[in-house]
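What follows is a pair of complexes built around subunit A, which joins subunit B in one and subunit C in the other.
And then the complex of A and B:
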C-alpha cells in the first residue's frame, strides 16, 4: 500500500488508488478484435466474391472461432465473483452496455460462427464420419448432428444458407467489436474514453488486427505444412491490411486532432500523460513501431516491384508489427484511461503483477490458448482444400 | 396506577428524545425488524445532502464515524466519505493544490501559513446519490440501484465485482472491498435513516457542515438551505442529477 501511495503524482481521489482494470481487460478487446477482423476477412470471399483470398477462408473462420472461445476468459478471471457471471444472462440490466454485450457475444458465437463453420464443413464432417472408425467415427457423427446427405442439392442449400449467414455475420462482427468500443466510449466520466469515435476506431483496428493475424497464420501454416504459399492471395490480404490500416490510422489521427484543437478541460492532463507515462506505449509502440512502420512497409510493396521472397518477409514483419501496435492501442485505451485521476489533478501508476490472478503469466497463457485451440480445430476440421478433394490453385513463380 | 404512570413517562420521554417517526418505529427497531415499521414509507422520502464548505474545519470526524459505523476498512484506498483540503492561489485558480492525507481520517496536519495570500478550504466528499446515476446505468446485473427514496445502494450478494461502476462514477466514490470482492460505497447510512436517524457523518459533525435532508418533507430545513444560499453540485456538466448540494463551492473544486 505504501508503494501505491508513492506511485501517485499530484492529487487523486483516495478510492482511485485501486486501478480496477488490469492487463486481462486489455486482452479482452484485443482478442475480440482479432475475432471480428478474421471473420470480416473470411466474409470478403463469400459475400464480395474476392476469389484471391479463398485459400484463407476456412482458416480465418477457425481462427475466429478459436479466439472467440477464449474471449470471455480474461473477463471471467477478472471478476470478483465469476460464479455470478451467468446472472448477466438471467437478469440482465438492459441499460448496461456490458450486459447487452453478453447477448451480442452469444449471438455471434452460436448463430454466426458455429453455424457458418458447421455448414461449410458439413460435407467434410460427413465424409470423415464415413471414412473413420471407432471413437473418431462417433465424434464426427455427433458433429454431423445426424445429417448424412451430401447430395449436390443439399450442398447447394448449405452454401445458400451459409452465404446468408455470412451476410448477417458482417454486421454482427461489426456490432461485436463496435460494442466493445462502446463499452469504453460511453463512459462519460472518463475523458480519455468518452468519444463517439471509439466504436468506429475499434471496428477498424479490429479489422487491421484480424487481417494481420490471418496473414501471419497463413504463412506459418503453409511453412509448417511445407505447402506452397498462394502469392496472389497473400498480396491481396496485404493490400486489404494496408487499406484498413490507413482508415484506422486516419480515424485515430482525427480523434487526436479533434482533442488538440478543442483542448477542453481534460486536455492538459491527458496531454501530459501521453508525454510521460504513456510515451513509450503510445508514441513509440503504437504510433511509430506499430502503425507508421507497418503502413510504410506495406505501402513499399505497392510502390516498388519486389521479389516474392522479399514480399513474404515484409508481410511477416508488417503483420507482427501490426499486432504489437494494436495490442499497444488496447493497452493505451484500457490502462491509459486509468492512469489519470478523474479530478484531473494527478496521476497514478499501473503495477502489473507477474504470477497473480490478473498478472502477466495468466495473460500470456490466455494469449497462447487460442493457438492451442486453433491447432485442435485444424486437426479436427482440416481447412485445406485437399480435404475437399481439390488442390489449392498454386501461383507460379 | 404506578405502572401506568411509568409507561406514560417512558412514552413521553421517548417522544421527547426521538423524533416522532422514530418513536413510532421504536417497537419494530427493538424487535429487530425496522423495515416493518409502518412509519417509513419509501415513496414519502427523497434524500439529499446539504454540505456547507464554509463550515467544514477538516477535523475528520465524519470520516472516522463513517468507517466505524459502516465497518469500512481502515486502508487508505477504502472510503465512503473523505475530506479534501484545497489551497488556491487567487491568481491561478485553475491549478489548486489539493491533498487528503488518508482521506482526512486523522484530520489535517498544518501545511500552509496564514496570510500567504492564498485561499484555503475543506471539501467533504461522498456519494452524490445521483438521480441519474451513471454507476447504476452501467451495472450489468442491476446489483447497484436507485431506491425509490433516492439512495444509490449496492446488493453485495448480487454484485459480480466487474468494476464497471467504479469506472463510470465521475466522483471517485466507489472502491472494491477486498473482503467481499464486491463494490462498496456510501449507503447514506440507510440502516439509520430508515429508522428516523441521521447519517453517522452528519451526527458527529461538530460544525453542522453536512446535513441530511429530505426533499419530500416540506418542513425539512434543507429547503431553506437551498433557497438561502448560492448552491452548486460537483461536476454539473456530467448531468448526473447529483443530490449532494454544496454551499460555497469554489470553481476550482473538481
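And then the complex of A and C:
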C-alpha cells in the first residue's frame, strides 16, 4: 500500500490507485480502428467506384481481416481466466455497451469481412484449386465450398452480392468503431471520456489510422515484391488521408474548444493533467508529432510539385507519424481517463509491466501478430492483379 | 428451378455454412454459459460467492481499536481521527487475526514520505488544506519530530 501511495499525488480513492485498464485496452481501440479504417478505404473503390485506389482494394480487405482476427485478443488477455473469458462472445446483451461486443464483433467479422473477401476472391480460389494438387488443392476446394462454378453469371451474382455487403459494411465499420468510442463516451462519471463527440472522433481517427496503415503497407509490399508503385493510387490515398486527418483534427479541436469554453468543475484537473502527466503523450506525441507534422507533410505535397521519390518518402514518414499519433490518442484516452481521481483533487501513475500478462511484451506481440496473419493471408490469397487471371466482370450500376 | 440454382449454388452453400455456424453458436451458448448466469442480472451468480471466498487483507479499523484503544483515544478530536489505520499502516488482516499478533508486527511507515503523499503542496488541493513544500517546511528531519501522526495539530 505504502509503495503504491508513492505514485499518487493529492487525494485519490483507494480503487483508483492502480489502473484497471492497461496498455492492452489501449491496443483494442487502436487495432479495431485500423480494421474499420482499412475497410472504409477498400469500400471507396467498391461503392464509390474510385478507380485510383483499386490496387490497394484487396490488400486493404486482407489487412482489415488480419487485424480483426487479433482485435479481441487484447480483451481476452486483459480478462485473464481463459476458462471463461470467451463467454463475452456467448453472452452478448443489449443493456450494456460492453456486453454488445459479441454482436458487434461476430457481425462484422463473419457477415461483412469474411463474406466480402470470400466473394471477391472466389474466382481466384476456384482457379487456384484447379491449378494446385494434393493438400493445397483440398484447402482451396474447401475454401470454395466445393463449388467449381466461375461462370460469368455466377461471378456477376458474386459481384452484386459483394457490392450489397460493402454497402452494409460501411455502416457496420462505422458502428464497430463508433461503438468503441461509445464505450468511453458513455461513461458519464468520467469527465475525460464523457463526450457525445467521442464516437465520431473515434470513427474519423479510425479512418485516419486505417488509411495510413494501407498507405504504408502498399509501399512496403511493392518494395518487397520489387513491383512498381502505382503513383496515382498512392497520391489518391495520401489525399484521402489528408482530408480524413483534417476532419479528425478539427473534431478533436472542437471537443477541446468546447471543454475550454464550458470549463466545468473538472476542467482545471484535466488541464493540469494535460500539462503534466500527459504532456509528452498528448501535446508532443499526439498533437505535434502525430497530427500537425503529418498534416503539414501531406499538405506540402498538395502545395508543392515534388518528385515521385520525394513524395514516396513523405508518404512513408507521414504514414508512420500518423500511426504514432493515433496510438498516442488511444493511449491518452484510455490511460489519461484513469490518471485522475473522481475527487478531481488527485492523480495516480500508470506503471506498465514488461513481461507481465498485461505488460509491454504481450502488447508488442499482439501488434506484430496481425502482420504475421496478413503474411499468411497474402500467401493464401494473393491480392495482386497478376494473380487474378482474366478480369472479373463487374456488375453495372 | 435447377437453372436458377445453377449459378447460385455456391451462395446456397455459404448460406448453409452460416446457418451451421449459427447453430454451433447456439449450441455452444447453451452448453457453455453457466447455468446460474442471469439469475439476478447480466452476470454469473456464482461470481458473488467466488469474490466472497477471496482471503481478506484489510482488517478494518474496528479490529485495530479492539487492542489499540490508547491510539484510538489519542486520535480523538484530531483532523486525522477519521482516517483509517490501514491507510498509513497497510493491510493488517494477517496481523489482526494472528494467534500472536505481536509476532506479525507491521512495519512502521516511512514518515518522511508517507505524510507528503497527502500534504505535499499541490495546486489541485483546496487552499485550506494543510500542505507544505518539504524544502521550505521543517528542518529536513522526519515530520514526527514535531507532529504526532495520530494527532498532528501543534497546539
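Everything below uses one rule, namely that the second predicted complex is superposed on the first by the 377 of 397 C-alpha atoms of A that agree within 3 Å, B and C clash if a C-alpha of one lies under 4 Å from a C-alpha of the other, contacts with A are read in each partner's own complex, and residues count from 1 in each chain.
Here, a residue touches a chain if its C-beta (ideal position, glycine included) is under 8 Å from a C-beta of that chain, and two chains touch if they have at least 3 such contacts.
Here the structure is a predicted model, which means the values were calculated and not measured.
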| item | value |
| --- | --- |
| Partners on subunit A (subunit B, subunit C) - clash or fit | clash |
| Which of subunit B and subunit C A:147 touches, first, second, both or neither | second |
| Touching partner for A:161 - first (subunit B), second (subunit C), both, neither | second |
| Touching partner for A:269 - first (subunit B), second (subunit C), both, neither | second |
| First, second, both or neither for A:247, with subunit B first and subunit C second | neither |
| First (subunit B), second (subunit C), both or neither touched by A:87 | both |
| Subunit B versus subunit C as contact partner of A:11, first or second or both or neither | both |
| Which superposed partner A:190 touches (first subunit B, second subunit C, both, neither) | first |
| First, second, both or neither for A:98, with subunit B first and subunit C second | first |
| Touching partner for A:122 - first (subunit B), second (subunit C), both, neither | second |
| Subunit C-contacting residues of subunit A that also contact subunit B | 1, 5, 11, 84, 87, 91, 93, 95-96, 99, 344-345 |
| Residue numbers on subunit A that touch subunit B, as the complex places them | 1, 4-5, 11-18, 20-21, 75, 78-82, 84-85, 87-88, 91-93, 95-99, 102, 183, 187-190, 337-338, 341-345 |
| Contact set on subunit B toward subunit A in their complex | 75-79, 82, 84, 96-100, 102-103, 125, 134, 137-142, 158-164, 166-176, 180-182, 238, 254 |
| Complex contacts: residues of subunit A adjacent to subunit C | 1-2, 5-6, 8-11, 84, 86-87, 90-91, 93, 95-96, 99, 106, 110, 115, 118, 122, 144-147, 149, 151, 153-154, 157, 161, 268-269, 272, 344-347 |
| Subunit C residues touching subunit A - in the complex, by the definition given at the top | 6-11, 13-14, 17-18, 21, 25, 28-29, 32-34, 37, 42, 86-88, 90-91, 109-110, 113-114, 117-118, 120, 122-126 |
